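There are two complexes below, and they share subunit A, which is joined by subunit B in the first and by subunit C in the second.
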Partner chain A sequence: MAGQQSVKKFRRTRGQVYDNCAYAMIFPAYFVFTIFILVPIGVVFYYSITNFNLYSKPEIVGALNYVNLIKDADFLISVQNTLFYTIFTLFPQLALGLLAAVLLYRKSRLLPVFRTAFYLPNVMSMVCISMVWLWIYDPTFGVLNMLLKTFGFSTKQWLQDPDMAMFCVILMSIWKSCGYSMVIFLSGLTSIPDSLYEAASLDGANPFRKFLHITWPMLRPTTFFLLVTGIVNSFSVFEQVNIMTGGGPLKMTTTIVHQIYRRGFLEFKMGYASAMSVVLLAFSVLVTVFVFKYGSKGQDVDVS
Partner chain B sequence: MKREKRNQIIWAVGMSLASFVMLIPVIMMFMTSMKTMEEIKSPVFRLFPASFSFQNYIDAMSNGIWPVYFRNSLMITGAAVLFSLLFNSIAGYAFARLSFRGAKIMFLFLMMGLMMPPQVTMLPTFLIMAKFPLMGGNDIFGSGGTGLVNTYAGLVIPLVSGSYGVFLCKQFYENFPRSLDEAAMIDGAGKWRTYFTIYLPNSKAILATLGLLKAVSVWNDYMWPLVMTNSETMKTVQLALTMFKTDSGVMWNQMMAAAVLVALPMFVLFLCAQKYFIQGIVTSGLK
Partner chain C sequence: MKKMIMPLCAALAAATILAGCGGKGEPQNAALAGDSGAENGAVQTETVQAEKTKLTFLRVGTEPERKAYWESAVAAFLAANPDIEIEYQECGYGDDFETKLNTGFASGTAPDIINFTMASMGTRVPLGQYACLDEYAAQWDGKDDFMENALTLGSVGDSLYGIAVFPDPRILIYNTELFAEAGLNPAAPPANWEELLEYHKKLVKKDGDNVIQTGFGIPTSGTNMQHYLSVFIEENGVKNLVDEESHQVLCNTPEAVEAAEFLKEIADAGIIRWDSNNSDQNPFASGLAAMTLGNMTDFHNWNQGAVSGKIAMASPLTHKRQATFCGMGFMFMSGETPHKDEAWRFIEFIASPDEMWRRYEELGVTPMRESLRERYVAENPENNGIIYESINCGTGSPKVAYANSVYNAVNDAMERVMYGVEDPAAALDTAAAEIQKEIDNQ
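Showing the complex of A and B:
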């Protein structure tokens, strides 16, 4: 809405110093942003206090949806699963990405080749990757069980096993996304001046100490950026879950967005699903604010 | 000198191994797509198929109307990339170079979009699409028809505005030399002309980056088409790919063949444009 109001305001008080054509320039992007991001945020808050179910007129029911959410065992387990997924995907993925970047960073003509290899899974769709890993994890024909059998171990049920399903999803997600972290970390590494390392070498620092005292602190803004975007992404995990397990077995892999999808688009409980969306939004904003506040520790850290 | 050379070789071998490990699932996808079901079911695992045959590809593509799925994905990706690049870069230019009232607060508002999972607004966005006035049999109040659900417009429009795109373009344009603007102004060019004749032609790197990111994300998107389409003729390739997952008797070889075909366009795009892609990430200050 801000865009349209500003356009009106400018027409009333035409100033000479301002570039008024700017409003026309930002209009397309801002209009779409307003209609499909800003307005929906308002709408989702409104629906979350109604009993809207797509066919009837929405009636305001107050906090009823939120009260039901707390009692909804499926939703509670989905929150737990989402947090579990976030912690066990994000940190290993960042660590692997950093490790790969530090190992790869070297002046060589081979660097682009290796970088491409690491990044390739990231340009594949989650659907493609899920299909490939469905086969890898398949209990009868899958390659994992075949290898286990070949070496004389007992086979596993993988995605059908309630205790293992989430780990299977997590392993696949780490594999897909660590290449992204690596590319971002690599570009962060290139911006560290060589003189720092040279000075450290003169002081007799070993590679580990160099990493600890130069690389790691200098990569802080990069890590911070990856952490914030990674949290938001992990909180909204859905595709691999819906495709590979459908939330099962025994609801062990259902996630918040999966619950929103089920309640909203399969059961048409739009009001109830909106309340879940609000909770997801609250989680994302809270964690982002928390990371911003404590992650930067008073340093001058730019999000970029 | 000798030691350095040896280190270099150890590094190359080690990294080749690591890259190979990373690529194992991709390699297996290619290999399995050429195997017969007997080979897949046989208890002995072999990486390579007995014979390289493309029969699975032909069979997979005859399962459903794949030319239509590919056309849908191509149209949606093309339109989303084209419009988002134009809209984001021109907005980025305005935020980077022009002074206007409310610029700061409007930019901050736009950046809120970065912190928010898109799934939060999925539900209301769908409802707005379904109730879009005067579209798809809807009256002016947005009732009666299906709105933009199941249309290209419905699939594309929410994707053309990206907070990230505007942000990256703004960063990129801020690094342009101011003297360019001044030279243009002296020559009597207005802001629009400055943008179209100086800024736009010089932003290949950032546009390639953004275009690639957008193309990959739209082509690979699963959730929004899942929600927005409900007919066979509007399916995208990603939705079609999930059809191969059935409860029993999955044709793994055909599934992998279809997966290869769906992934291939993005592989090619990435390999061709990766110079711009990496360059763009670095120049836009994403470090």
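Showing the complex of A and C:
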């Protein structure tokens, strides 16, 4: 009896030591997460119910900032533009990334060159890329208009045309990001067992049917990951908008983060900008939860 | 013992992370000094450095030629003032500079001396970010020699906050070659609205529906549109976008609406759309616009580019009166600096006649002292006289705390007018309502 008690005590002690060790190991990461993410989020929540203007002591104004948000036409336009940007950037980017991955998933000497070329834009600074595309879209000296002139078409005012400006920003964003999707899809493709394709070949399946019934279903977890991270990234679009269009013309390209920047850092309305940030956070969480709930089916494919 | 080691390790890791996040504080400098082999020498150096007052000077703009000037001016000042040390910083115009300054003031690391625009005074003076210079100006012998309009523009109410260094009037600049091609006399630029419209129509060239050359180049979007409207409303007799004293909104008065309608008429006759935030897009620079409004730096830059040797300056237009927009680059002293006397010594040095003339010789900047006026005009009677005329009749941005909201509202309104989605009266009424809302919230 006494022996059993000493064994239990020994196990409990070892367990405690193990737990303490684990806690000590994860402490730095949690500490950084708390200080640099959780606390700032809490501070933003607090500022969102104040009239904070960067310099004077904030006074609590309750839900006034949130009420004003609903009436703010610029904010509502920015929400609409952000959703538009997300939809028209994310799906083409995923489709092109998948296409590139499938085409480049084979053995060839030139493949590393192509893979690097496709992925290169993703590692470049968004600011640099925006400047390059600003030149491409330049109405007078831009490459696009030069091409149009060469083929006898009339030139376009790409970023100055309210109907085209957002599509110009979207095109650049797709170009930059589809390399990232391609790399993630390529890693997903390597995890699909060759035996499935061999079996399908024996059954006489053509490449399209193999893609439809093997590749695509097996890539669902990868697609889901890209979808969730893509949504979050698209909601925070800012640099390219600020550099290429400044949110114009006619606010056709202003986004939520661009509005947060303008209100907070140019008009000093930090309280109001914080309320926008809280709404953006809530929006991102809601959409992510929705995607997790309805978009993550079929992730338990077992081919072992 | 093990129980003690784990929390210690965790605390050490956390401390390392926090230390890594630390700024360039004094303890780090002290540690660096202690590490050096020649400890005595380091201590001596530190003592000498401790006697020096360190100032930070932030100027707006990143132009290489101005940077060269500022660096040489700082070096000349330091040679004459060995007890002062100056760290020179610069940042591009527009939102970037505003953001840098805002974060500096919010974090208690604002520069001691700031070279920035007049437009910033409306917002930053009420916040106490710029120090009042009356005490220093009262004992400054250069005050009586300074251009009166420059001192007025640097004041809020009766108090002086900025010493002018870079006058920035908007001057009518035109392309003499395009004038000649269109059968216009290159020596007779437009002098009033009627002539401007007439010349504009003669200079517009179209390829089908596309405008391939315009007469008067005005932007259709961007943060400078309010400058263009300001010029025309002031020529039409309106004081400014907002009355600084009474806080009455003036941007939707009948005269202001008439000015916006005139700009719309010019746009309808044919313009090339461009965003004033991207100066590279300005069609005048590439010879696709025959006239535009620009400052002296623009003139200098354009004269070295595609339209080199083909451009000239014209006197400000007259409608009900002669007017133009005249911005001004000022030297401000931070309201938070603990080294006010030293900061003033630098500002006084920069505003001295010798430095002003050096700025003219190196950068073409108009000297702001009456004693240099005749000498300046004599140097280049053709252009310098026009520049002086523009500075004298120029009015700047309204110096009000809600100035940024005024610019945003007017820029948005003019963008809607230029794109034809709203008529000038309705657009300016909307802008006025937004500005009034800001005034009410003050």
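Note that the second predicted complex is superposed on the first by the 273 of 304 C-alpha atoms of A that agree within 3 Å, B and C clash if a C-alpha of one lies under 4 Å from a C-alpha of the other, contacts with A are read in each partner's own complex, and residues count from 1 in each chain.
To be clear about the criterion, a contact is a pair of C-beta atoms (placed from the backbone, for glycine too) under 8 Å apart; a residue touches a chain by one contact, two chains touch by 3 or more.
Since the model is a prediction, treat every value here as computed from it, not as a measurement.
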Touching partner for A:98 - first (subunit B), second (subunit C), both, neither: neither
Subunit B versus subunit C as contact partner of A:134, first or second or both or neither: both
Which of subunit B and subunit C A:150 touches, first, second, both or neither: first
Which partner, subunit B or subunit C, touches more subunit A residues: B
Touched partner set for A:288, first subunit B, second subunit C, both or neither: first
Subunit B versus subunit C as contact partner of A:55, first or second or both or neither: second
Partner chain(s) touched by A:171 [first = subunit B, second = subunit C, both, neither]: neither
Partner chain(s) touched by A:28 [first = subunit B, second = subunit C, both, neither]: both
Partner chain in contact with A:238 - subunit B first, subunit C second, else both or neither: first
Touching partner for A:162 - first (subunit B), second (subunit C), both, neither: second
Interface residues of subunit A shared between complexes with subunit B and subunit C: 17, 20-21, 23, 28, 31-32, 134, 138, 141, 265
Subunit B-touching residues of subunit A, taken from the complex the two chains share: 2-3, 6, 9-10, 15, 17-23, 25-26, 28-33, 35-41, 43-44, 47, 100, 103-104, 106, 108, 110, 112-121, 123-129, 131-136, 138, 141, 143, 146-147, 149-150, 175, 179, 183-184, 187-188, 190-191, 221-222, 225, 228-229, 232-233, 235-236, 238-239, 243, 257, 260-261, 264-265, 270, 273-274, 277-278, 280-281, 284-285, 288, 304
Subunit C contact footprint on subunit A (complex, rising order): 17, 20-21, 23-24, 27-28, 31-32, 54-56, 134, 138-141, 154-155, 157, 159-162, 242, 245-246, 248-251, 262, 265-268
Residues of subunit C defined as touching subunit A within the complex: 2-3, 6-7, 9-10, 13-14, 17, 95, 98-99, 102, 105-106, 123, 127, 129, 207-210, 220-223, 272-275, 277-278, 280-281, 283, 286, 288, 404-405, 408, 412, 415-416, 419, 421
Subunit A-touching residues of subunit B, taken from the complex the two chains share: 8, 11-12, 14-16, 18-20, 22-23, 25-26, 28-29, 32, 40-41, 43, 45, 83, 86-88, 90-91, 93-95, 98-103, 105-106, 109-110, 112-128, 157-158, 160-161, 163, 165-167, 171, 190-192, 195, 216, 219-223, 227, 238, 241-242, 244-245, 250, 252, 255-256, 259, 262-263, 266-267, 269-271, 274, 278, 281-282, 284-287
